[in-house]
Structure formats: C-alpha cells, structure tokens
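Each remark here refers to the structure printed beneath this line.
Which chain is which? They are A, B, C and D, in the order written, and residues in each are numbered from 1.
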Amino acid sequence: MSDEQAHAVYAQARLGGRVTRGTRPAILVVDFCCGFTDPACTVGSDLTAEVEATNRLLAVARARGFPVVFTTIGYESNLRDAGLWIEKMPALAELALGGHWVDIDSRLGRREDETVVVKKGASAFFGTNLSAILVNLHVDTVILCGATTSGCVRATAVDLLQHGFPTLVPRECVGDRARAPHEANLFDIQAKYADVVSVDEAAAYLEGIPARAPAPAA
Amino acid sequence: MSDEQAHAVYAQARLGGRVTRGTRPAILVVDFCCGFTDPACTVGSDLTAEVEATNRLLAVARARGFPVVFTTIGYESNLRDAGLWIEKMPALAELALGGHWVDIDSRLGRREDETVVVKKGASAFFGTNLSAILVNLHVDTVILCGATTSGCVRATAVDLLQHGFPTLVPRECVGDRARAPHEANLFDIQAKYADVVSVDEAAAYLEGIPARAPAPAA
Amino acid sequence: MSDEQAHAVYAQARLGGRVTRGTRPAILVVDFCCGFTDPACTVGSDLTAEVEATNRLLAVARARGFPVVFTTIGYESNLRDAGLWIEKMPALAELALGGHWVDIDSRLGRREDETVVVKKGASAFFGTNLSAILVNLHVDTVILCGATTSGCVRATAVDLLQHGFPTLVPRECVGDRARAPHEANLFDIQAKYADVVSVDEAAAYLEGIPARAPAPAA
Amino acid sequence: MSDEQAHAVYAQARLGGRVTRGTRPAILVVDFCCGFTDPACTVGSDLTAEVEATNRLLAVARARGFPVVFTTIGYESNLRDAGLWIEKMPALAELALGGHWVDIDSRLGRREDETVVVKKGASAFFGTNLSAILVNLHVDTVILCGATTSGCVRATAVDLLQHGFPTLVPRECVGDRARAPHEANLFDIQAKYADVVSVDEAAAYLEGIPARAPAPAA
C-alpha cells in the first residue's frame, strides 16, 4: 500500500517497532487446508507459491528440530459450532469435519508428530488450546505462515502478540484471494503486531540459531 | 477501497453476509480515552467528529435503557503488563494507569453505572472479562464505536463475532489516524466480521426496538 | 461433608448465595463419554445412576426445546495437544480421538443437532468455543451434569460462573470415582459457584418455564 | 483427607503423577490482599503463618532474580464487573477498587517491578493477561501461594495446568478460612493439577537451579 499519508502519520506515532527474536521458534501454518488452498472450494484460491515458500521454511525447521503446528477449520454437520461466522461467510459451511476440505494440504507433508489444531473462528487462538501447546513446547518465537492474510493470518498475528509470542510473518508464505486486502493487512501487521520479513530472512533466522533436540515422541 | 478485483473475488467467495440483529443491544466504545482522542498524545489524533457521532448513539441508548460499556488502555509504571506491544508501539508506554491519557474523554459524559474495562491489548476481549459483562447484561447485539479502526476496533470486531455477538459498526463512529488503513479495515470488517452501517441506520435500529428497563443499580 | 467448623465460618463470610435463574436454559453434559462412564477404562467408573438421572432431564429439555450440549475429551496420537495433564494423569492417554472412549455414552441418545465439544483440559471452556455456543443460543441458565464432580464438573462450574451463566448442579446427575471428593466438591460448588439442587428441583424448573422453539436446523 | 477409598481408587486410576520442573520459575501470589488476609474483612481470615511462609520463598526468589507476580480482586462501585459472583458471595462487594482491601498485604513487601494483576473472578487467568505476562517472562514453572485454597488457589491451579505451566503448591503458603475445604482441595490439586510440596522443598528447588538476571526495568 503506497500511501504516503499513512506512512508519515505512522512514523510520527512511532509505530512499526521490531520484536525481539528468541532461540526456540515454532512454525505456525494457519489454514493451509484444502478448502483454502484449492480454488475448487468456494473459500479457496490458488496458493501454490505460498505453499512452496512455506515448504522451504518447514524443511529447515524439521531438519533443525523446531516444532511445526498446523491449523484447520472444520464444523459439525449441525453447524452449531460455527456460530455467527456463517452469517457473514456462508460458504464456510462447506468445511465439514471429516471431509476433504478440512485436511491439511498434502503438499506440506505434515508429519505424525506435528499437531493439527481444529479451530472454529478466525484466530488460531480462539476456542483452541494453541497457547498451551506453544507454552508446553517452550516456544519463544513464531514464524507465521498461511491463509488468508486479511482473515485468519491477521487475526492470529494480533493474538500472537497479545499472548506474548514475538512473531515473524514471511510475506511470501502468506496468501489471500485478493491483492489489496493482502497488502493492506501486511501494512497493519508490520505497523502494530509482528515483523513482516522476506522468506530469505526467516530462513536465515532459523539457520542462525542453535538446532533443538526434537520433543520426544509421546 | 475502490478495488474492483477484491470486490469481484469476494462476491464469488460469498463474503459480506448480514448478521441477525437482536433486541438487547449494547454500545461498546473502544478506547475513546484521552490518549487516543487528543492529538497531543503520541498515539492520539483528532477524533472530534467520531466522538460527536458516538454521542448521538449514546443519547439514544441512555434514553432507552440500553447498556453502554467503555474500554481504555492503561499500564503499570513497570510496564510488565504491556507485554510485547510496546516493542511494536513504544509510545503506548505513555498510557500510565492513573494518568490523564487513560481517562475516558469527558465529552462522552460517561455515567457512574457505565463500566470501564481496562485492557492491555488490542482486542477489548483480550485479558478482560468483557464477554462475561455482556453475557450478564443479556446483550445480543453490539454497536461498536471507537478507535482506531485499523487497531483496537478491528481486533474487537473479530472477537465480537468469535464470541457470538452480532455487531454493527457505524462508520462515522470509528476513527483512525490515517485514511487508507481506516478504509481498508472497514472493507475487511464488512466482508467478514460485522455489518458496517451509517450512524443513521444504527440510530434507527436502536429507536426501532423496544426500550429496556435499565439494570438495577448494585 | 458434615464439617461444622466450615459451615459456621462460611455462614459468617456470607457464602452460599443463590443464583438468579433465567428462562432460556441449556443442559450441559460434561464428559459422559465412554472413557468416563465405563469402568473398563482406567479413568472410568460405573455412573449408571448418574446417566439415568441425566436422561430424565434430557427428556424434559428435548420435549420443551431447550438446547443440549455435550463435551468429551480426545487427544491426537502424538499427544501434543494433551499438554501437562498427562503428567498428572497418564491414563488420559487412553482417550484417543476416533476411538470408543471418546464417544458419548450411547445411553444418552445424543441427537444430530446436539453439539459435541471436544475438549483438552478439565474445564469445558478451556480451549473450546463453548462460551460462543451458549451466547449464540441465547442461553441464560445452565443445568450442569456429568463427570467427574471433583474434576471437570468442578472446573466447569467455576468457569460457568466466571463467564456469566447462572448454573444449577443436580446432585444426582454428577458423579465421581470416589465418595469423599464428590461430596467435598459439591460443598465448594454450592458455597461459591452454582446452586446444588436435586434432580427433582431441576426438572421442576425446566417444566415451569415456557417451552422454546428449537433452533432451526442449519 | 484421610479417606482410604479415595486413595485406593485414585491409585488404580493412576492419578497423582509428578510435573516436570523447569529452570525459569516465577512465584505467583494469589489474593494476599488485605481483604483476604485481614479477619476484619467479611471474606478475610488470619493468614499470618501463610504470609510468613510465602515471604520465605519471596526472599529466595528476589535474591536469585526469579519474577514475582501478585493478584488482587477489585470491583468498580457499580459492580457491573463483578458479574454473578456477588450473587453467591455478596461480601465480595466490599472489595472496592481504590480501597484498602484491594491493596496487597504490606507484610509481603511488594516491589515496584512486581506486577499486580487485578482480577474479577476466581482464577488468576480469567479476565486477565496473566498468561501473556508469564510467557513474556519465559516462565516455565510456577510456585503458587495465596488464598483461599478452596477458591482462587484451586481455580488458578487448574488453569496453570491447562495453560501449560508446571506448578508447585507449597502447603504452608496457601490458606483458607476453614480446615476441611483446605485439605480437600489440596487432595484434589495433588491428584490432578499440581504437585503439593512443603515450603522446604519449594525453597530447595529455587536454590538448586541457576539464578536468573532480573528483567531490565522498563
């Protein structure tokens, strides 16, 4: 968003600081389930480039013992658990628990020891125990990937900051169905909630800190 | 946001539905504390028009017995409660508990029986008991006013939907320090989280439903 | 718990008030899944009498259009979502998602339109969107049944109060694996969090308020 | 609680495991505000011994750079923020924000850099940003002290486990107004949520791990 007024005003308000990065990162992949990464689903779009960029970071994380957490959205057939959201976005009703759209996109190669958090709302924290999962793993930094930038990624970025997890958002690893909301939300995220970086910078960060012994299998 | 691609794509994804309005509304005024409504504060800006538009709705609500809830942001001097947010927005440290910037703007005429929720993060729900307050009051619809559109209003709109409260956002009653983020966030809110309406429509809604006996003083 | 000192001290501290009952109740059945109602599971015990008493209330609620919500506990095979709880209660690992122990006890005749909330912790609110479900249904009173009295029922009773839902706990409808913790927790619940009543009183309450049109099928 | 049936049944259910202790502890002191430690307040009782035992641990923690967090309860004069709890415990209305009962007991020597979390409910997590505070401080273990054992300590112990923080409860550092609920709740806490230990064991733990540089003053 090339908006000069906003940049000038935000500089004066001293927005856009930098978060302190830790040494125990996790990768959080929000809603790269088939319903969002396959254009055949009403709420989906083609996110091939974003999935591939995310895979680059997943390879580094897996090689170095950093945990990976996925989220997906899925509802009961009675939709009692979908709440108000289906009033604003009725096509969410297609995301039926047990169905294909809820599965994590197979291109991401999700492993058995990587948690899949089933969520009902926009934020990965709402109605889930994600915070406890990150605390249990002693995570002190999150790399946030996924879809959509203006929806669940934005809502999750706000909650990551609120819950105390410094966050990097690699811009190539988050996608949306339309360009303008994607850019507008990256602008907001960088100004107030997380550090928007390149996938190169995120990879360099993961490679520049000590590897971690993987958590023992349960 | 005059972005034709976004509008076309969003129509195809069936975004932008309409929430079901109830009969027990509350007005939620987010962060119209002096720190945000006074340009003399680093994070503030001139929101006179938005405060006046909000006052129009407050007058209707008070006359008809609908509850009003305010939020503000305030931190301890040690800033332990400010978390990561001051890394991204260091000027938030000016919002000291007990100080002037934390007071609700006196132009809003806050009454003794109107709760002020002290929050630490962007969303009015994070780290507060706002949900319990709304449940106790049997609120089934929220009119969301306040600042800033791209910050605490947006974060609160997402959480209102997630927590089950149908929400109207009167566009004249929410303000921001810069124009582009204001518009971009109203676009997102209308597409996915709440109904963006005119202050006239919000006033007509409040006047068109039965008045409510005010909650008894404690 | 016939403890005279506690009763005298609690009377002086003015504990044990009575919650205000509303007219839109829901029945919340906590963890009457097979893992807790079948003694063959390590964490289970024989709760036949409690299941039957609960069925009496379910019959009234279903006939009169009051919503019913169930909870169960289930974990991924990697147990990443089980957190610390399996350190204190390692047998919880038997509650595998997709397995028999997670199913709601078939004697309760759960209907398709009755939500099943999958939880990971003790409270039915932790890591779930139960609050939003109750708000969406405009519930203003909860009848709390289930197991165990000293575990998930107690934790849920505390959270129901905190979240703003007046609660009745019919003593015949909640069960535990041991007698003393059952009684001690009913004492605490009655003193501080909810009204412990007989199943007769709960049934009379449900029969004495207007019936409700069932929520439309989605 | 010398209840043989409960002990036998709990052993068979494999309750009462041991939490894994970390190396970055915090001391959490729940509701040792004057309203609870002064018998002159309706909800208070004489907790001199418990305050003194807690002071022993605070001295070790302060000397070794481990953070200390206090909680208190305080309500607005309109009591809108008190919710349902004042129906069960009407004397809570005495805990007025700005008044003496809300102050942390001066015998604990609270320092300027030690956070005071103002809570509205039983659990120190409900309606507060305590989880974010602990995450920001990279806390991996909590020593839980305070009052009352059967109320806010129990509710907080459940939430500490749920949020992922291994917890020790030194039995001499938690107090209640009556003996039986105190003992019954320590039994439940040890069985399911945290490790109940002696104050000696808690002190030895704090002395046996590396000291920590105090967090820089903001």
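For the reader, a short list of remarks on this structure follows.
Here is the rule we use: a contact is a pair of C-beta atoms (placed from the backbone, for glycine too) under 8 Å apart; a residue touches a chain by one contact, two chains touch by 3 or more.
Fair warning: this is a prediction, and the values are worked out from it, not measured in the lab.
Each step here moves to a touching chain, and the least such steps from chain B to chain D number 1.
Contact with chain C and chain D alike is made by A, B.
Between chain A and chain B the centroid-to-centroid distance comes to 26 Å (mean Cα coordinates, whole Å). Mean C-alpha positions place chain A and chain C at a centre distance of 34 Å. Centre-to-centre spacing of chain A and chain D amounts to 34 Å, using the average Cα coordinate of each chain.
Annotation for chain A: residues touching 2 or more other chains are 83-84, 86, 121, 126-127, 129, 132-133, 136, 162, 164-165. By the touch criterion stated above, chain A contacts chain C in their complex at residues 76-84, 86, 93, 112-118, 120-121, 126-129, 132-133, 136-137, 215, 217-218.
If you check the complex, the residues on chain A that touch chain D are 129, 131-136, 138, 140, 162-165. Chain contact summary for the complex, chain A toward chain B: residues 1, 3, 5-6, 9-10, 12-20, 42-43, 45, 83-91, 121-123, 126-127, 150-151, 154-155, 158-159, 161-162, 164-166, 177-181, 184-185, 187-188, 191-194.
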